[in-house]
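Have a look at these structures, which come just after this line.
What follows is subunit A paired twice: with subunit B in the first complex and subunit C in the second.
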Partner chain A sequence: MIFAAIVAIEVNDLLSSVVAVGAVGFALCVAFLILKAPDLAITQLVVEILCLIILIRATIKRDLPLVIEGRWVFNTFVTIIFIVVFLFLSYFVFKELPAFGQPIMRVANLYLNEGVLKTGSVNLVTSVILDFRAYDTLGEATVLFASIIGLMAVLRSPGRKGKGKV
Partner chain B sequence: MVNNKAGMTLIVKTITRLTVGLIMLFGIYIVFHGHLSPGGGFAGGVIVALSFVHLMLVFGKDFAMAKISRNLASNLESVGALMFLFVALLGFLGGSFFHNVIAKGKPFDLFSSGTIILSNISIGLKVGVGLFAIFLALVVLEMAKKE
Partner chain C sequence: MSLYLLCFLLFCIGLYGVLRKRNIVKIIVGLGIMEYAMNLFFVLLGYRTHGRSPIEASNQQILNMVDPVPQALVLTSIVIGLAVTALFISIAIRIYEKYGTFDITKIKKLKG
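Then we have the complex of A and B:
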(Lines of atoms letter the chains of each structure in order from A and count residues from 1; the text may use other names and numbers.)
(Lines give C-alpha, C1' and ligand atoms only; values in the text may rest on other atoms or scores of the structure.)
Protein backbone atom coordinates (compact mmCIF):
# COMPACT_ATOMS: atom_id res chain seq x y z
CA MET A 1 0.00 0.00 0.00
CA ILE A 2 2.75 2.44 0.93
CA PHE A 3 4.72 1.30 -2.11
CA ALA A 4 1.72 1.96 -4.38
CA ALA A 5 1.26 5.40 -2.83
CA ILE A 6 4.88 6.28 -3.55
CA VAL A 7 4.50 5.02 -7.12
CA ALA A 8 1.36 7.13 -7.56
CA ILE A 9 3.27 10.28 -6.68
CA GLU A 10 6.50 9.56 -8.51
CA VAL A 11 5.35 8.12 -11.84
CA ASN A 12 5.19 10.48 -14.81
CA ASP A 13 2.19 9.04 -16.65
CA LEU A 14 -1.20 10.19 -15.40
CA LEU A 15 -3.00 6.90 -16.16
CA SER A 16 -0.39 4.85 -14.28
CA SER A 17 -0.79 7.22 -11.37
CA VAL A 18 -4.56 6.61 -11.32
CA VAL A 19 -3.99 2.85 -11.39
CA ALA A 20 -1.59 3.14 -8.45
CA VAL A 21 -4.21 5.12 -6.52
CA GLY A 22 -6.60 2.25 -7.18
CA ALA A 23 -4.06 -0.18 -5.75
CA VAL A 24 -3.89 1.95 -2.59
CA GLY A 25 -7.68 1.81 -2.28
CA PHE A 26 -7.92 -1.97 -2.66
CA ALA A 27 -5.09 -2.48 -0.17
CA LEU A 28 -7.03 -0.27 2.25
CA CYS A 29 -10.05 -2.52 1.70
CA VAL A 30 -7.97 -5.59 2.66
CA ALA A 31 -6.67 -3.70 5.69
CA PHE A 32 -10.25 -3.04 6.83
CA LEU A 33 -11.01 -6.75 6.45
CA ILE A 34 -7.99 -7.68 8.57
CA LEU A 35 -9.09 -5.21 11.25
CA LYS A 36 -12.54 -6.91 11.25
CA ALA A 37 -14.64 -4.11 9.79
CA PRO A 38 -16.60 -5.71 6.92
CA ASP A 39 -19.05 -2.80 6.60
CA LEU A 40 -16.23 -0.37 5.89
CA ALA A 41 -14.54 -2.87 3.57
CA ILE A 42 -17.64 -3.23 1.38
CA THR A 43 -18.17 0.52 1.20
CA GLN A 44 -14.50 1.18 0.45
CA LEU A 45 -14.52 -1.43 -2.32
CA VAL A 46 -17.55 -0.14 -4.21
CA VAL A 47 -16.68 3.54 -3.82
CA GLU A 48 -13.16 2.80 -5.02
CA ILE A 49 -14.51 1.10 -8.15
CA LEU A 50 -16.80 4.03 -8.93
CA CYS A 51 -14.04 6.60 -8.41
CA LEU A 52 -11.65 4.60 -10.60
CA ILE A 53 -14.18 4.46 -13.42
CA ILE A 54 -14.74 8.21 -13.25
CA LEU A 55 -11.02 9.00 -12.97
CA ILE A 56 -10.01 6.72 -15.83
CA ARG A 57 -12.75 8.13 -18.03
CA ALA A 58 -11.55 11.61 -17.20
CA THR A 59 -7.86 10.97 -17.72
CA ILE A 60 -7.79 8.51 -20.59
CA LYS A 61 -8.52 11.17 -23.20
CA ARG A 62 -5.91 13.75 -22.44
CA ASP A 63 -2.63 12.29 -21.36
CA LEU A 64 -1.11 15.21 -19.56
CA PRO A 65 2.50 14.86 -18.48
CA LEU A 66 3.10 16.08 -14.98
CA VAL A 67 4.55 19.54 -14.71
CA ILE A 68 7.37 19.76 -12.19
CA GLU A 69 9.20 23.02 -12.29
CA GLY A 70 9.61 26.24 -10.41
CA ARG A 71 10.46 26.66 -6.77
CA TRP A 72 10.88 23.06 -5.75
CA VAL A 73 13.57 23.87 -3.18
CA PHE A 74 11.23 26.23 -1.35
CA ASN A 75 8.33 23.74 -1.58
CA THR A 76 10.37 20.86 -0.19
CA PHE A 77 11.67 23.05 2.62
CA VAL A 78 8.13 24.12 3.66
CA THR A 79 6.88 20.52 3.48
CA ILE A 80 9.67 19.25 5.71
CA ILE A 81 9.02 22.02 8.24
CA PHE A 82 5.33 21.15 8.38
CA ILE A 83 6.06 17.43 8.79
CA VAL A 84 8.41 18.16 11.70
CA VAL A 85 5.85 20.41 13.41
CA PHE A 86 3.10 17.84 12.89
CA LEU A 87 5.18 14.99 14.31
CA PHE A 88 6.22 17.12 17.28
CA LEU A 89 2.60 17.94 18.15
CA SER A 90 1.29 14.44 17.51
CA TYR A 91 3.86 13.05 19.96
CA PHE A 92 2.06 14.84 22.81
CA VAL A 93 -1.34 13.72 21.49
CA PHE A 94 -0.34 10.07 21.28
CA LYS A 95 0.98 10.15 24.84
CA GLU A 96 -2.55 10.94 26.08
CA LEU A 97 -4.35 8.26 24.03
CA PRO A 98 -5.24 4.89 25.58
CA ALA A 99 -3.22 1.91 24.41
CA PHE A 100 -4.12 0.22 21.13
CA GLY A 101 -6.83 -2.41 21.54
CA GLN A 102 -7.93 -1.19 24.97
CA PRO A 103 -10.32 1.70 24.34
CA ILE A 104 -12.25 3.54 27.01
CA MET A 105 -15.66 1.88 26.73
CA ARG A 106 -17.86 4.37 28.54
CA VAL A 107 -20.63 4.96 25.99
CA ALA A 108 -19.84 2.06 23.68
CA ASN A 109 -20.56 -0.53 26.36
CA LEU A 110 -24.18 0.62 26.44
CA TYR A 111 -24.46 0.23 22.68
CA LEU A 112 -22.88 -3.21 22.68
CA ASN A 113 -24.93 -4.61 25.54
CA GLU A 114 -28.34 -3.14 24.82
CA GLY A 115 -28.16 -2.50 21.06
CA VAL A 116 -30.05 -5.61 19.95
CA LEU A 117 -32.62 -5.19 22.68
CA LYS A 118 -33.32 -1.52 22.00
CA THR A 119 -33.29 -1.38 18.21
CA GLY A 120 -33.95 -4.95 17.10
CA SER A 121 -31.11 -4.68 14.60
CA VAL A 122 -28.65 -7.57 14.59
CA ASN A 123 -25.92 -5.63 12.79
CA LEU A 124 -24.62 -3.37 15.53
CA VAL A 125 -22.89 -0.96 13.15
CA THR A 126 -26.19 -0.23 11.46
CA SER A 127 -27.92 0.16 14.79
CA VAL A 128 -25.37 2.78 15.79
CA ILE A 129 -25.33 4.81 12.58
CA LEU A 130 -29.06 4.73 11.94
CA ASP A 131 -30.52 4.73 15.43
CA PHE A 132 -28.24 5.96 18.21
CA ARG A 133 -26.31 8.37 16.01
CA ALA A 134 -28.82 8.96 13.24
CA TYR A 135 -28.37 12.71 13.57
CA ASP A 136 -24.82 12.35 12.21
CA THR A 137 -26.11 10.30 9.31
CA LEU A 138 -28.65 13.01 8.52
CA GLY A 139 -25.83 15.53 8.38
CA GLU A 140 -23.81 13.29 6.10
CA ALA A 141 -26.79 12.81 3.79
CA THR A 142 -27.24 16.59 3.67
CA VAL A 143 -23.59 17.06 2.69
CA LEU A 144 -23.95 14.56 -0.14
CA PHE A 145 -27.17 16.20 -1.30
CA ALA A 146 -25.65 19.68 -1.30
CA SER A 147 -22.58 18.50 -3.20
CA ILE A 148 -24.69 16.82 -5.88
CA ILE A 149 -26.84 19.95 -6.26
CA GLY A 150 -23.73 22.10 -6.61
CA LEU A 151 -22.14 19.77 -9.12
CA MET A 152 -25.24 19.61 -11.30
CA ALA A 153 -25.62 23.39 -11.16
CA VAL A 154 -22.01 23.91 -12.24
CA LEU A 155 -22.05 21.30 -15.00
CA ARG A 156 -25.39 22.33 -16.45
CA SER A 157 -24.29 25.48 -18.26
CA PRO A 158 -22.74 23.86 -21.40
CA GLY A 159 -25.84 21.74 -21.86
CA ARG A 160 -27.99 24.80 -21.98
CA LYS A 161 -25.98 26.68 -24.54
CA GLY A 162 -27.65 24.96 -27.45
CA LYS A 163 -31.07 26.32 -26.67
CA GLY A 164 -30.07 29.96 -26.64
CA LYS A 165 -28.36 32.49 -24.52
CA VAL A 166 -28.35 32.76 -20.68
CA MET B 1 -31.31 -4.73 -29.66
CA VAL B 2 -30.72 -1.05 -29.75
CA ASN B 3 -28.30 0.80 -31.92
CA ASN B 4 -25.45 -1.61 -32.62
CA LYS B 5 -22.88 1.06 -33.32
CA ALA B 6 -22.83 2.68 -29.88
CA GLY B 7 -20.88 1.14 -27.05
CA MET B 8 -18.55 -1.84 -26.99
CA THR B 9 -18.42 -5.11 -28.92
CA LEU B 10 -21.04 -7.88 -29.11
CA ILE B 11 -19.29 -10.10 -26.55
CA VAL B 12 -19.33 -7.44 -23.89
CA LYS B 13 -22.95 -6.60 -24.65
CA THR B 14 -24.08 -10.22 -24.30
CA ILE B 15 -22.28 -10.74 -21.01
CA THR B 16 -23.60 -7.44 -19.69
CA ARG B 17 -27.17 -8.33 -20.57
CA LEU B 18 -26.82 -11.44 -18.41
CA THR B 19 -25.03 -9.89 -15.44
CA VAL B 20 -26.33 -6.35 -15.00
CA GLY B 21 -29.61 -7.51 -13.50
CA LEU B 22 -27.76 -9.65 -10.98
CA ILE B 23 -25.55 -6.72 -9.97
CA MET B 24 -28.56 -4.51 -9.40
CA LEU B 25 -30.34 -7.29 -7.47
CA PHE B 26 -27.27 -7.68 -5.25
CA GLY B 27 -27.31 -3.96 -4.52
CA ILE B 28 -30.99 -4.06 -3.56
CA TYR B 29 -30.30 -7.12 -1.39
CA ILE B 30 -27.55 -5.28 0.46
CA VAL B 31 -29.83 -2.29 1.03
CA PHE B 32 -32.63 -4.44 2.43
CA HIS B 33 -30.38 -6.58 4.64
CA GLY B 34 -28.46 -3.63 6.07
CA HIS B 35 -29.60 -4.42 9.61
CA LEU B 36 -28.78 -8.13 9.38
CA SER B 37 -25.46 -8.37 7.54
CA PRO B 38 -22.56 -6.05 6.69
CA GLY B 39 -23.41 -3.36 4.20
CA GLY B 40 -26.29 -0.97 4.40
CA GLY B 41 -27.82 1.90 2.53
CA PHE B 42 -24.64 3.57 1.33
CA ALA B 43 -22.83 0.49 0.00
CA GLY B 44 -25.98 -0.94 -1.61
CA GLY B 45 -26.79 2.38 -3.21
CA VAL B 46 -23.32 2.61 -4.72
CA ILE B 47 -23.71 -0.91 -6.15
CA VAL B 48 -27.02 0.07 -7.77
CA ALA B 49 -25.35 3.16 -9.22
CA LEU B 50 -22.49 0.97 -10.51
CA SER B 51 -24.97 -1.24 -12.37
CA PHE B 52 -26.30 1.82 -14.18
CA VAL B 53 -22.77 3.04 -14.89
CA HIS B 54 -21.97 -0.42 -16.28
CA LEU B 55 -25.01 -0.20 -18.56
CA MET B 56 -23.91 3.20 -19.77
CA LEU B 57 -20.29 2.19 -20.42
CA VAL B 58 -21.35 -0.83 -22.47
CA PHE B 59 -24.41 0.32 -24.38
CA GLY B 60 -23.55 3.98 -24.78
CA LYS B 61 -25.11 7.12 -23.41
CA ASP B 62 -28.50 7.05 -25.09
CA PHE B 63 -29.51 3.60 -23.89
CA ALA B 64 -28.89 4.45 -20.24
CA MET B 65 -30.54 7.84 -20.61
CA ALA B 66 -33.64 6.07 -21.93
CA LYS B 67 -33.77 3.92 -18.80
CA ILE B 68 -33.38 6.78 -16.34
CA SER B 69 -33.15 10.36 -17.51
CA ARG B 70 -31.38 13.21 -15.78
CA ASN B 71 -34.51 14.88 -14.49
CA LEU B 72 -35.84 11.60 -13.15
CA ALA B 73 -32.50 11.00 -11.44
CA SER B 74 -32.48 14.34 -9.63
CA ASN B 75 -36.15 13.98 -8.71
CA LEU B 76 -35.60 10.51 -7.24
CA GLU B 77 -32.65 11.80 -5.28
CA SER B 78 -34.74 14.55 -3.74
CA VAL B 79 -37.39 11.94 -2.90
CA GLY B 80 -34.75 9.88 -1.09
CA ALA B 81 -33.49 12.85 0.93
CA LEU B 82 -37.01 13.93 1.89
CA MET B 83 -37.91 10.37 2.84
CA PHE B 84 -34.94 10.20 5.21
CA LEU B 85 -36.03 13.49 6.79
CA PHE B 86 -39.57 12.14 7.03
CA VAL B 87 -38.30 9.08 8.89
CA ALA B 88 -36.51 11.43 11.24
CA LEU B 89 -39.62 13.51 11.83
CA LEU B 90 -41.61 10.33 12.37
CA GLY B 91 -39.67 10.00 15.60
CA PHE B 92 -41.68 12.86 17.05
CA LEU B 93 -44.57 10.42 17.39
CA GLY B 94 -42.48 8.71 20.06
CA GLY B 95 -41.26 11.90 21.65
CA SER B 96 -37.99 12.92 20.04
CA PHE B 97 -36.09 13.29 16.78
CA PHE B 98 -35.18 9.88 15.27
CA HIS B 99 -37.07 7.98 17.94
CA ASN B 100 -37.64 4.40 16.79
CA VAL B 101 -41.43 4.24 16.81
CA ILE B 102 -42.35 1.19 14.73
CA ALA B 103 -42.54 -2.21 16.42
CA LYS B 104 -39.16 -3.92 16.65
CA GLY B 105 -40.13 -7.46 15.71
CA LYS B 106 -37.87 -10.30 16.60
CA PRO B 107 -34.17 -10.24 15.68
CA PHE B 108 -32.94 -11.95 12.48
CA ASP B 109 -36.23 -11.25 10.68
CA LEU B 110 -36.17 -9.22 7.48
CA PHE B 111 -38.74 -6.69 8.72
CA SER B 112 -37.46 -6.49 12.22
CA SER B 113 -35.89 -3.27 13.31
CA GLY B 114 -38.39 -0.46 13.18
CA THR B 115 -37.33 2.64 11.29
CA ILE B 116 -33.83 1.40 10.48
CA ILE B 117 -34.92 -0.44 7.36
CA LEU B 118 -36.85 2.62 6.16
CA SER B 119 -33.80 4.85 6.60
CA ASN B 120 -31.66 2.26 4.84
CA ILE B 121 -33.99 2.22 1.83
CA SER B 122 -34.10 6.00 1.61
CA ILE B 123 -30.32 6.37 1.89
CA GLY B 124 -29.86 3.66 -0.73
CA LEU B 125 -32.22 5.43 -3.14
CA LYS B 126 -30.55 8.77 -2.55
CA VAL B 127 -26.94 7.58 -2.86
CA GLY B 128 -27.56 5.31 -5.84
CA VAL B 129 -29.41 7.81 -7.95
CA GLY B 130 -27.24 10.71 -6.83
CA LEU B 131 -23.96 9.07 -7.80
CA PHE B 132 -25.42 8.04 -11.14
CA ALA B 133 -26.51 11.65 -11.67
CA ILE B 134 -22.93 12.81 -11.04
CA PHE B 135 -21.60 10.35 -13.62
CA LEU B 136 -24.30 11.37 -16.11
CA ALA B 137 -23.49 15.06 -15.65
CA LEU B 138 -19.76 14.43 -16.21
CA VAL B 139 -20.40 12.41 -19.38
CA VAL B 140 -22.81 15.00 -20.77
CA LEU B 141 -20.19 17.68 -20.12
CA GLU B 142 -17.61 15.64 -22.01
CA MET B 143 -19.98 15.19 -24.97
CA ALA B 144 -20.83 18.88 -25.04
CA LYS B 145 -17.17 19.83 -25.01
CA LYS B 146 -16.43 17.57 -27.96
CA GLU B 147 -19.04 19.13 -30.25
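Then we have the complex of A and C:
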Protein backbone atom coordinates (compact mmCIF):
# COMPACT_ATOMS: atom_id res chain seq x y z
CA MET A 1 0.00 0.00 0.00
CA ILE A 2 2.82 2.37 0.86
CA PHE A 3 4.64 1.24 -2.26
CA ALA A 4 1.57 1.95 -4.37
CA ALA A 5 1.34 5.41 -2.79
CA ILE A 6 4.94 6.18 -3.70
CA VAL A 7 4.31 4.98 -7.23
CA ALA A 8 1.20 7.14 -7.42
CA ILE A 9 3.16 10.24 -6.52
CA GLU A 10 6.32 9.60 -8.44
CA VAL A 11 5.30 8.07 -11.76
CA ASN A 12 5.28 10.43 -14.69
CA ASP A 13 2.26 9.19 -16.57
CA LEU A 14 -0.98 10.60 -15.22
CA LEU A 15 -3.11 7.58 -16.00
CA SER A 16 -0.78 5.16 -14.21
CA SER A 17 -0.73 7.54 -11.27
CA VAL A 18 -4.50 7.37 -11.07
CA VAL A 19 -4.42 3.57 -11.31
CA ALA A 20 -1.85 3.47 -8.50
CA VAL A 21 -4.04 5.59 -6.25
CA GLY A 22 -6.82 3.13 -7.01
CA ALA A 23 -4.53 0.37 -5.76
CA VAL A 24 -4.01 2.36 -2.55
CA GLY A 25 -7.77 2.66 -2.11
CA PHE A 26 -8.44 -1.03 -2.59
CA ALA A 27 -5.61 -1.91 -0.21
CA LEU A 28 -7.28 0.41 2.28
CA CYS A 29 -10.51 -1.52 1.73
CA VAL A 30 -8.74 -4.79 2.59
CA ALA A 31 -7.15 -3.13 5.62
CA PHE A 32 -10.60 -2.09 6.85
CA LEU A 33 -11.78 -5.68 6.50
CA ILE A 34 -8.81 -6.91 8.54
CA LEU A 35 -9.48 -4.23 11.16
CA LYS A 36 -13.05 -5.56 11.56
CA ALA A 37 -14.90 -2.73 9.88
CA PRO A 38 -17.03 -4.30 7.15
CA ASP A 39 -19.29 -1.26 6.68
CA LEU A 40 -16.29 0.90 6.02
CA ALA A 41 -14.89 -1.62 3.57
CA ILE A 42 -18.09 -1.60 1.52
CA THR A 43 -18.29 2.18 1.49
CA GLN A 44 -14.63 2.52 0.63
CA LEU A 45 -15.05 0.12 -2.30
CA VAL A 46 -17.96 2.06 -3.80
CA VAL A 47 -16.36 5.46 -3.22
CA GLU A 48 -13.07 4.23 -4.64
CA ILE A 49 -14.70 3.09 -7.87
CA LEU A 50 -16.51 6.42 -8.22
CA CYS A 51 -13.29 8.32 -7.51
CA LEU A 52 -11.43 6.31 -10.12
CA ILE A 53 -14.08 7.01 -12.72
CA ILE A 54 -13.96 10.74 -11.99
CA LEU A 55 -10.16 10.86 -11.99
CA ILE A 56 -9.87 8.89 -15.23
CA ARG A 57 -12.45 11.19 -16.79
CA ALA A 58 -10.18 14.08 -15.87
CA THR A 59 -6.91 12.61 -17.02
CA ILE A 60 -7.61 10.57 -20.10
CA LYS A 61 -6.28 11.90 -23.40
CA ARG A 62 -4.42 14.65 -21.63
CA ASP A 63 -0.69 14.60 -21.84
CA LEU A 64 1.63 15.78 -19.15
CA PRO A 65 4.49 18.03 -20.11
CA LEU A 66 7.33 17.25 -17.77
CA VAL A 67 8.60 20.39 -16.11
CA ILE A 68 12.23 20.50 -15.12
CA GLU A 69 13.06 24.15 -14.74
CA GLY A 70 11.94 26.34 -11.88
CA ARG A 71 12.62 26.73 -8.22
CA TRP A 72 13.01 23.07 -7.34
CA VAL A 73 15.54 23.61 -4.58
CA PHE A 74 13.37 26.02 -2.63
CA ASN A 75 10.37 23.81 -3.23
CA THR A 76 12.08 20.70 -1.92
CA PHE A 77 13.46 22.61 1.04
CA VAL A 78 10.02 23.82 2.11
CA THR A 79 8.59 20.34 1.65
CA ILE A 80 11.24 18.76 3.84
CA ILE A 81 10.71 21.43 6.49
CA PHE A 82 6.99 20.71 6.57
CA ILE A 83 7.52 16.97 6.85
CA VAL A 84 10.08 17.37 9.63
CA VAL A 85 7.70 19.64 11.56
CA PHE A 86 4.92 17.10 11.12
CA LEU A 87 7.10 14.24 12.37
CA PHE A 88 8.35 16.33 15.27
CA LEU A 89 4.80 17.07 16.39
CA SER A 90 3.73 13.48 15.86
CA TYR A 91 6.50 12.41 18.24
CA PHE A 92 4.59 14.13 21.05
CA VAL A 93 1.40 12.49 19.88
CA PHE A 94 3.01 9.07 20.09
CA LYS A 95 3.60 9.46 23.81
CA GLU A 96 -0.07 10.14 24.43
CA LEU A 97 -1.53 7.46 22.18
CA PRO A 98 -3.07 4.40 23.75
CA ALA A 99 -1.29 1.16 22.89
CA PHE A 100 -2.45 -0.62 19.78
CA GLY A 101 -5.32 -2.96 20.53
CA GLN A 102 -6.49 -1.32 23.76
CA PRO A 103 -8.58 1.68 22.78
CA ILE A 104 -10.10 4.11 25.24
CA MET A 105 -13.77 3.29 25.02
CA ARG A 106 -15.56 5.55 27.46
CA VAL A 107 -18.36 6.63 25.15
CA ALA A 108 -18.32 3.52 23.05
CA ASN A 109 -18.99 1.24 26.00
CA LEU A 110 -22.30 3.00 26.51
CA TYR A 111 -23.14 2.55 22.85
CA LEU A 112 -22.12 -1.09 22.88
CA ASN A 113 -24.10 -1.95 25.98
CA GLU A 114 -27.27 0.00 25.35
CA GLY A 115 -27.24 0.38 21.58
CA VAL A 116 -29.53 -2.50 20.81
CA LEU A 117 -31.98 -1.60 23.53
CA LYS A 118 -32.16 2.07 22.65
CA THR A 119 -32.18 1.95 18.87
CA GLY A 120 -33.15 -1.57 17.94
CA SER A 121 -30.45 -1.73 15.33
CA VAL A 122 -28.30 -4.83 15.26
CA ASN A 123 -25.47 -3.14 13.42
CA LEU A 124 -23.96 -0.77 15.93
CA VAL A 125 -22.22 1.41 13.35
CA THR A 126 -25.55 2.12 11.76
CA SER A 127 -27.07 2.88 15.13
CA VAL A 128 -24.29 5.34 15.86
CA ILE A 129 -24.51 7.21 12.57
CA LEU A 130 -28.27 7.23 12.28
CA ASP A 131 -29.38 7.55 15.87
CA PHE A 132 -26.77 8.78 18.31
CA ARG A 133 -25.03 11.10 15.88
CA ALA A 134 -27.73 11.80 13.35
CA TYR A 135 -26.79 15.47 13.09
CA ASP A 136 -23.39 14.45 11.73
CA THR A 137 -25.07 12.48 9.00
CA LEU A 138 -27.33 15.42 8.25
CA GLY A 139 -24.26 17.63 7.88
CA GLU A 140 -22.65 15.02 5.66
CA ALA A 141 -25.65 15.03 3.34
CA THR A 142 -25.54 18.83 3.33
CA VAL A 143 -21.89 18.81 2.32
CA LEU A 144 -22.58 16.24 -0.37
CA PHE A 145 -25.39 18.24 -1.95
CA ALA A 146 -23.46 21.49 -1.66
CA SER A 147 -20.61 19.80 -3.49
CA ILE A 148 -22.97 18.62 -6.21
CA ILE A 149 -24.32 22.17 -6.61
CA GLY A 150 -20.78 23.54 -6.83
CA LEU A 151 -19.81 20.88 -9.35
CA MET A 152 -22.76 21.71 -11.58
CA ALA A 153 -22.04 25.42 -11.27
CA VAL A 154 -18.44 24.89 -12.31
CA LEU A 155 -18.97 22.35 -15.05
CA ARG A 156 -22.09 23.86 -16.61
CA SER A 157 -21.53 24.85 -20.19
CA PRO A 158 -21.70 28.61 -20.58
CA GLY A 159 -24.80 29.17 -22.67
CA ARG A 160 -26.01 32.46 -21.31
CA LYS A 161 -25.45 35.77 -22.97
CA GLY A 162 -22.92 38.15 -21.53
CA LYS A 163 -19.70 36.62 -20.43
CA GLY A 164 -19.04 33.88 -22.87
CA LYS A 165 -16.05 32.30 -21.23
CA VAL A 166 -16.21 30.98 -17.76
CA MET B 1 3.08 1.05 17.41
CA SER B 2 4.70 0.26 14.07
CA LEU B 3 1.31 0.37 12.40
CA TYR B 4 0.88 3.96 13.54
CA LEU B 5 4.30 4.74 12.11
CA LEU B 6 3.37 3.23 8.74
CA CYS B 7 0.19 5.27 8.78
CA PHE B 8 2.18 8.46 9.42
CA LEU B 9 4.53 7.49 6.62
CA LEU B 10 1.56 7.25 4.26
CA PHE B 11 0.44 10.70 5.40
CA CYS B 12 3.95 12.06 4.76
CA ILE B 13 3.92 10.65 1.23
CA GLY B 14 0.66 12.48 0.58
CA LEU B 15 2.07 15.68 2.07
CA TYR B 16 5.15 15.40 -0.11
CA GLY B 17 2.96 14.97 -3.17
CA VAL B 18 0.86 18.00 -2.33
CA LEU B 19 3.78 20.29 -1.62
CA ARG B 20 6.31 19.19 -4.20
CA LYS B 21 4.43 18.28 -7.35
CA ARG B 22 3.28 20.82 -9.86
CA ASN B 23 0.63 18.89 -11.66
CA ILE B 24 -2.88 19.54 -10.41
CA VAL B 25 -3.90 15.91 -10.75
CA LYS B 26 -0.86 14.87 -8.73
CA ILE B 27 -1.85 17.33 -6.03
CA ILE B 28 -5.36 15.91 -5.94
CA VAL B 29 -3.92 12.40 -5.70
CA GLY B 30 -1.74 13.54 -2.80
CA LEU B 31 -4.75 14.96 -0.99
CA GLY B 32 -6.55 11.67 -1.51
CA ILE B 33 -3.64 9.74 -0.04
CA MET B 34 -3.56 12.02 3.01
CA GLU B 35 -7.26 11.43 3.46
CA TYR B 36 -6.79 7.65 3.27
CA ALA B 37 -4.07 7.89 5.90
CA MET B 38 -6.36 9.85 8.22
CA ASN B 39 -9.17 7.34 7.85
CA LEU B 40 -6.81 4.45 8.46
CA PHE B 41 -5.46 6.18 11.57
CA PHE B 42 -8.91 6.60 13.09
CA VAL B 43 -9.84 2.99 12.46
CA LEU B 44 -6.50 1.87 13.90
CA LEU B 45 -7.24 3.87 17.04
CA GLY B 46 -10.53 2.07 17.51
CA TYR B 47 -9.21 -1.43 16.96
CA ARG B 48 -9.16 -3.88 19.82
CA THR B 49 -7.07 -7.02 19.84
CA HIS B 50 -9.05 -10.15 18.98
CA GLY B 51 -12.05 -7.92 18.56
CA ARG B 52 -15.23 -8.64 16.69
CA SER B 53 -16.95 -6.36 14.25
CA PRO B 54 -19.67 -4.31 15.98
CA ILE B 55 -22.66 -6.28 14.78
CA GLU B 56 -24.82 -8.03 17.33
CA ALA B 57 -25.83 -11.61 16.69
CA SER B 58 -29.08 -12.94 17.94
CA ASN B 59 -27.98 -16.29 19.26
CA GLN B 60 -24.70 -15.50 20.94
CA GLN B 61 -23.24 -12.97 23.29
CA ILE B 62 -20.32 -11.07 21.81
CA LEU B 63 -18.11 -9.45 24.37
CA ASN B 64 -15.06 -8.11 22.61
CA MET B 65 -16.22 -5.59 20.06
CA VAL B 66 -14.15 -2.95 18.31
CA ASP B 67 -15.04 0.69 18.81
CA PRO B 68 -17.98 1.71 16.60
CA VAL B 69 -17.61 5.47 17.01
CA PRO B 70 -14.46 5.99 14.85
CA GLN B 71 -15.96 3.71 12.23
CA ALA B 72 -19.09 5.81 12.03
CA LEU B 73 -17.09 9.01 11.79
CA VAL B 74 -14.82 7.59 9.11
CA LEU B 75 -17.88 6.44 7.17
CA THR B 76 -18.95 10.08 7.07
CA SER B 77 -15.46 11.19 6.19
CA ILE B 78 -15.12 8.83 3.22
CA VAL B 79 -18.27 10.16 1.57
CA ILE B 80 -17.21 13.77 2.15
CA GLY B 81 -13.82 12.90 0.64
CA LEU B 82 -15.56 11.73 -2.52
CA ALA B 83 -17.46 15.02 -2.74
CA VAL B 84 -14.30 17.05 -2.25
CA THR B 85 -12.42 15.06 -4.86
CA ALA B 86 -15.22 15.51 -7.37
CA LEU B 87 -15.21 19.28 -6.80
CA PHE B 88 -11.42 19.47 -7.17
CA ILE B 89 -11.51 17.48 -10.37
CA SER B 90 -14.23 19.66 -11.88
CA ILE B 91 -12.18 22.78 -11.15
CA ALA B 92 -9.11 21.07 -12.63
CA ILE B 93 -11.05 20.24 -15.82
CA ARG B 94 -12.12 23.87 -16.09
CA ILE B 95 -8.52 25.02 -15.66
CA TYR B 96 -7.39 22.60 -18.33
CA GLU B 97 -10.01 23.89 -20.73
CA LYS B 98 -8.98 27.46 -20.14
CA TYR B 99 -5.20 27.21 -19.99
CA GLY B 100 -4.50 23.96 -21.82
CA THR B 101 -2.26 22.62 -19.09
CA PHE B 102 -2.32 21.05 -15.67
CA ASP B 103 0.89 22.73 -14.61
CA ILE B 104 0.31 25.19 -11.78
CA THR B 105 3.31 27.34 -12.67
CA LYS B 106 1.90 28.05 -16.12
CA ILE B 107 -1.36 29.42 -14.76
CA LYS B 108 -0.56 33.06 -14.40
CA LYS B 109 -3.66 34.97 -15.30
CA LEU B 110 -5.54 34.49 -12.07
CA LYS B 111 -7.55 37.66 -12.54
CA GLY B 112 -9.64 36.10 -15.28
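What we mean here is this: the second predicted complex is superposed on the first by the 153 of 166 C-alpha atoms of A that agree within 3 Å, B and C clash if a C-alpha of one lies under 4 Å from a C-alpha of the other, contacts with A are read in each partner's own complex, and residues count from 1 in each chain.
Convention: a contact is a pair of C-beta atoms (placed from the backbone, for glycine too) under 8 Å apart; a residue touches a chain by one contact, two chains touch by 3 or more.
Since the model is a prediction, treat every value here as computed from it, not as a measurement.
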*Touching A:Leu144 in the superposition: subunit B (first), subunit C (second), both, neither?*
both
*asked:* Quick check for you: in the superposed arrangement, does A:Leu97 touch first (subunit B), second (subunit C), both or neither?
replied: second
_Once chain A of both complexes is superposed, is A:Ala31 in touch with subunit B (first), subunit C (second), both, or neither?_
second
*Is A:Val122 contacted by the first partner subunit B, the second partner subunit C, both or neither?*
both
*Compare subunit B and subunit C by how many residues of subunit A each one touches, and report the one with more.*
C
*Please indicate which partner A:Thr76 is in contact with in the superposed arrangement: first for subunit B, second for subunit C, both, or neither.*
second
*asked:* Tell me the contact category for A:Ser17 with respect to subunit B and subunit C: first, second, both or neither.
replied: second
*Mind sorting out which residues of subunit A both subunit B and subunit C touch, each in its own complex?*
38-39, 43, 47, 50, 54, 57-58, 116, 122-123, 125, 127, 129, 137, 144, 148, 151, 155
*Could you please specify the touching residues of subunit B with respect to subunit A in the complex?*
30, 34-43, 46-47, 49-50, 53, 57, 74, 77, 81, 84-85, 88, 97-98, 100, 104-108, 112-116, 119-120, 123, 126-127, 130-131, 133-135, 137-142, 144-145
*In the complex of these two chains, what residues of subunit A are touching subunit C?*
1-2, 5-6, 8-9, 14, 17-18, 21, 24-25, 28, 31-32, 35-40, 43-44, 47, 50-51, 54-55, 57-59, 62, 64-65, 67, 70, 75-76, 78-79, 82-83, 86-87, 90, 94, 97-103, 105, 107-108, 111-112, 115-116, 122-125, 127-129, 133, 136-137, 140, 143-144, 147-148, 150-151, 154-155, 165-166
*Inside the complex, what are the residues of subunit A that reach subunit B?*
38-39, 41-43, 46-47, 49-50, 53-54, 57-58, 61, 116, 118-123, 125-127, 129-131, 134-135, 137-138, 141-142, 144-145, 148, 151-152, 155-156, 158-159, 161
_Under the stated contact criterion, what part of subunit C meets subunit A in this complex?_
1, 3-4, 6, 8-17, 19-23, 25-26, 28-30, 32-33, 36, 39-40, 43-49, 51-58, 65-69, 71-76, 78-87, 89-94, 96, 98, 101-103, 105
